[in-house]
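Following this line, the structures themselves.
Shared chain: chain A. Partners: chain B in the first complex, chain C in the second.
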Partner chain A sequence: MNDFTIIWKNLFRKKLRTTLMLIAIFVAFFLYGMLASVGQAFDSPGSSDDKNRMVTLNKINFTQFLPISYYDRVARVKGVTQASHSNWFGAFFQDNKNVIVSFAVDPPTYLAIYKEFDMPDAERKAFLGDRTGLAVGRAVADKYGWKVGQTVPISSNIFSQKNGSHSWDFKIDAIFDNSKVKGRDGLMIFHYDYYNETVSFGRDNIGLIVFSTETPAINDAVAKNIDAMFANSPYETSTDTAEAFSKSFIAQLGNIKLIISLVVGAAFVTILLIVGNTMVMAIRERTREIGVFKTLGFSGQRIFTQIVAEALLLSLLGGLLGLSCAVPALLLINKISAGAISGLTVQPIVFVKGLGWMVFLGLVTAALPAWSAMRLNIVTALGRK
Partner chain B sequence: MANTLRQISAITRINIKSIPQRFWMSLSTIVAIALVVGVLLGFLAMGNGFKKTLSSSGTKDVAILLRDGSDSEINSVVMREQTQLIEEAPGVARVNGKALVSAELYVVVDGKRRTNGIKANMPLRGLDSTGFALRPGVTFSKGRLFRPGTNEVIVGSGLVREFSGFDLGQTIRFGTSTWTIVGVFDAGGSVYESEIWGDVSVVQSQFKRLNSYQSIRAKLASPDQLAALKAYVDKDQRLKLETRSEADYFAAQAKQSSDLISNLGWPLAIIMTFGAVAGALNTMYSSVSVRTAEIGTLRAIGFGGFPTFVGTLIEAVILAAIGAVLGSVVIWLFVNGLSTSSLGGSFTQVVFTFSLTPRIITTAILLALLIGFIGGFFPALRAARQPIAAMVNE
Partner chain C sequence: MLYQLRNVSKRFTKAKETLTIFDNLNMDIPEGDFVAMMGPSGSGKTTLLNILGGIDKVTSGEVSFAGNRIDGYSEGQLSEWRAANVGFIFQFYNLMPMLSAAQNVELPLMLTNLSGAKRKENVATALNIVNLSDRAKHYPREMSGGQQQRVAIARAMVSDPQLLLCDEPTGDLDRTTADEILTTLQVLNRELGKTIVMVTHDPEAARYAKRTLHLNKGVFEDKMVMA
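And then the complex of A and B:
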């Protein structure tokens, strides 16, 4: 009979009580796993963006357009290695509740910048050569059950065709994954030329210009040059890294980080109280036993370690189970929402921090009972009922 | 019967009086339940506040016309010719022969959040005096109305509260144009308090949209004239507009956003409920366990199993009730009335305040009592069912 057997037997001597504590810990870490991942996804929406990827927008606001002529001028700026452009399409499929993130882009240059949009070579070739072609992210294709080769009508809640229709027919040429951040593929792209020739208003306008610089070190200088170039022109610009743009875009929703911290904090305080109190009570019940152990020659330190190990075991069991269950739960949410929150998976950092919290919970809840058990006097222990 | 009641009341009193002996354990249950209640109330108050702001924004006797297929003003475009057709439409109210029709421009500009300085979308609405006639609730808390034909704007009080750079007298730049803020207005807590308003023709020329608008608002002769206007619009091939009452337009937007918030709040609260139930069960089982000898003694001197059961159940429900009250009071004091903002249907910030209602509080309290009931039920069953002899010997 080694120490671990003692710890294990102690932990499960009152099965119901331990199960209840495990449930409470499970719930807290399940919540933590989900919410921290959501927070992570919101906090780093641009995590798949290269550090030298930048965007130029209309200075008034990103919903205001830029003329397409600005694209050529940005492409020629010193330090810009590759430029492209995109335009928000306001797409939905069949019902206007089925909103799909989608952009009218210049595919060859766009895919040269967004190298993480990974598709088979044959599909890429087909998409680049097909004016009415559509490249669909995996999450979107999965949600609507779309296959390569299919033709789908995509409507816009902003634009209409010259013939009065709000809907464009596209042929799905390619389905892509995000090779950098798994799951960050809830979007679709198509040819700007097709859109621009058929749209009834807003011709030759684009939403934003995206480009790569030679190195992140010159980002600021390039941004300054571009914005200076367009200063006092009819459309002044604002240039920043793609990462910064995504961040400010997400921040529009509100202080999600604060809300998440509050909810997770509430869940952790709850288990800290429940488990902490139960541990105190459980060890108190064992007073006589601990006295017997000490009589048999167990050192106070050894008993201290046993109790700490018991609490750690408890919080790790419940916590790891909870964190693990957050993984399929997030997958499910991702599937239902077709990647609405892009990049929603339990990131390694969430796991690592979670482990840290489990250890913290174990140590804090064990501290008081372990300390008093260590200090316990044998005579008092055997005398107490 | 009377005897049973007396027994219940005696046992309940004993249980409650002995709660201080199990102080920390009971407190942890109270706090766990208070936290569940707090989280649920926080989300519901947020959803309700958002909804209240949007749904107080529209009236039934104003119709809003948007380009067919677009759900919000930002996505819509209407042309001057279409506006003229609406001015001749049936059902539209007229004063001295002039139709009360307001064609409005709605463009998005940048503002900065006061709390963190991060950019956010603000709506700049271009409108004329008819636009004001359609919104009788607007009053100035500071300054005055913009003069037509100038780069003067007025701003809603909610926007000033949450975003910096919009105080009276300040100038703001949108691209190449510079504007002066000459007034701050209230609009009955509606979504208009989150907007910037300027003269429609100036906004049109500065934003290079000489012939186009985003929306048309038309005052109806009476709310039931909506159908007549709609029939007229649907028949005319040149219009291709969707006609709704302003009340319906905002109600749809309100539902969308507040549903989203509630859809987030409820699952979180329910997941936390499982944790709290586990905690409450734990507390009550140990409460029963430490009182085993006492319960056995009571049973031995003639107390029934049922009063023992009810007494334990009541103890749990009382702990839950304390938790519910604690959670509600904290949210009431520190969260209710807080001002915040989030993206609304037109992709611009809507400023609103957290707003509790008696119904929301009742819902949360019922959830707490349910936690207490489940948490007390099974331990109470155990208390009532244990053999007396075994208990007394503990």
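And then the complex of A and C:
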């Protein structure tokens, strides 16, 4: 027998109470794992290593179009090495609940910029040469059980064809993975030309222009030049890095971080009060036993350590279980949403911060009862006075 | 001489009133003694037992154990001293409910440097002495009062302390069980040479001791208190 035996036995001496505390801590850290991971995913949606990747879009907002002619002009700006363009298509498959992130793009230039879209050479070649071709991210293909060579009807909740149909037939030429960020493959791309010649309105318009610069050092200068070039035109532009664009896009959804902080904070304060109060009661019930331990020769410091360790063990058991369960829960969400929120997984930083919170919770809830136990007078504890 | 108390006083201050439990008390306890301490409630016998056990401090005076002054010890020093020299037996057994009999007995050995194997051996021996070898894995709630008290005795003696302090060890037991417990204490005193100080209200229990001291209002009524 060692101190851990005593700590463990004390922790589970009242199984119902301990189970309820574990559930409370489990829920708090499950919530934390989920929300912090969502926050993390939103915080770095692009996570682009390409700091020289930039985006030009309509100054009003990203729902407004730009003329396709802007693309050529941007591509010729000094310092721009590669440019492409894309259109948000508003796609869904069969049911409008099955939303798929999809873009009409110029494949050769688009794939030259997004080098992380990793697909076999043969499939890449087939996709580039097929105007009705579709390149599908692995998560989307897996969700719908799609295979290369299959033809699938994709509908748009924005656009329609000249013949009145809202559905386009695409042949799946390629299935790609994201070689940089695992799980960031919940999207699909197809040829802008095919879209442009069949769409009933908005022809020769594009959603945004994406381009690479020679070096991140000239990003600001290039952005200023481009926006100046289109100043006072019917379609003024706003140019920024792809990373900044992603963040501003997320910002339009609301202050995700604040919402997450408030929810997690409220859960934590509640759990802190519940667990702290229960720990105080649990230790108070053991006053006489603590007196006996001290009578036997156990020092105050050793009893202090045992109580702190007990609270830490409780916090870590519930917390690790909660955080661990957030992992499959996020995988499930990823699968259901076909990777709509890219990078949605419990990142190491979330885990490390979670561990920190567990230790904090354990220490704070143990502080008062452990301190009281350490200073407890034996005679008082034994009720002998 | 194992224990010597010289001019020991103990006072409590409560609500600005000072209560004197005893004043200038003197006492000797030779090694191998078995002392029963009797007296009415409030006479100070439990306070005296606490002082002998190093869980309460004197207000003034000298307390010496085996020739060493312990009245000036810090809390930490007293903890170590208790672990090495004193075994306690309480009226209500005070076993840890979440630990088995063997684990309860092993508690004092956690404060020693003995190996796991040696600890198990000592626990088995202690449980054997109190005739509870077959109850080693039982929890306190699964045992009778007498059995629990025997576990408490095993716990008190497992680390081989020189002094056993018993506070009403049979106060919660029927006569037959009480006699069994007292016989066990007598065996520990006679055959293992343990020095025992026992507080009791029961004259029958006091008969098992080698001598009885009567404390009344903080004063010994007996003449043979000092050697």
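Quick note on the criterion: the second predicted complex is superposed on the first by the 375 of 385 C-alpha atoms of A that agree within 3 Å, B and C clash if a C-alpha of one lies under 4 Å from a C-alpha of the other, contacts with A are read in each partner's own complex, and residues count from 1 in each chain.
The working rule: contacts are C-beta pairs under 8 Å (C-beta built on N, C-alpha and C of every residue); 3 or more make two chains touch, one makes a residue touch a chain.
This structure is a prediction, so every number in the text was calculated from the model and none was measured.
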Superposition on chain A - do chain B and chain C clash or fit: fit
Contacts of A:20 with chain B and chain C, given as first, second, both or neither: first
Partner chain in contact with A:298 - chain B first, chain C second, else both or neither: second
Touched partner set for A:234, first chain B, second chain C, both or neither: first
Chain touching more of chain A, residue-wise (chain B, chain C): B
Contacts of A:352 with chain B and chain C, given as first, second, both or neither: neither
Which of chain B and chain C A:31 touches, first, second, both or neither: first
Smallest separation in angstrom, by C-alpha atoms, between chain B and chain C in the superposition: 11
Contact footprint of chain A on chain B as seen in their complex: 24-25, 27-29, 31-32, 35-36, 38-39, 42, 67-71, 74-75, 77, 107-110, 113, 115-116, 118-121, 174-176, 207-208, 240, 268, 271-272, 274-276, 278-279, 281-283, 285-286, 340-343, 347, 349
Of all residues in chain C, those that touch chain A in their complex: 12, 46, 50, 53, 55-56, 75-76, 79-80, 82-84, 88, 90, 94, 96-99, 103, 106-108, 110-111, 119, 155, 167
Complex contacts: residues of chain A adjacent to chain B: 16-17, 20-21, 23-24, 27-28, 30-31, 58-61, 63-64, 90, 96, 155-158, 160, 164, 166, 201, 232-236, 248, 251-255, 262-263, 266-267, 269-271, 273-274, 276-278, 280-281
Residue ranges of chain A touching chain C (in the complex, touch as defined): 1-3, 5-6, 9-10, 12-13, 288-289, 292-300, 378-379, 382, 384-385
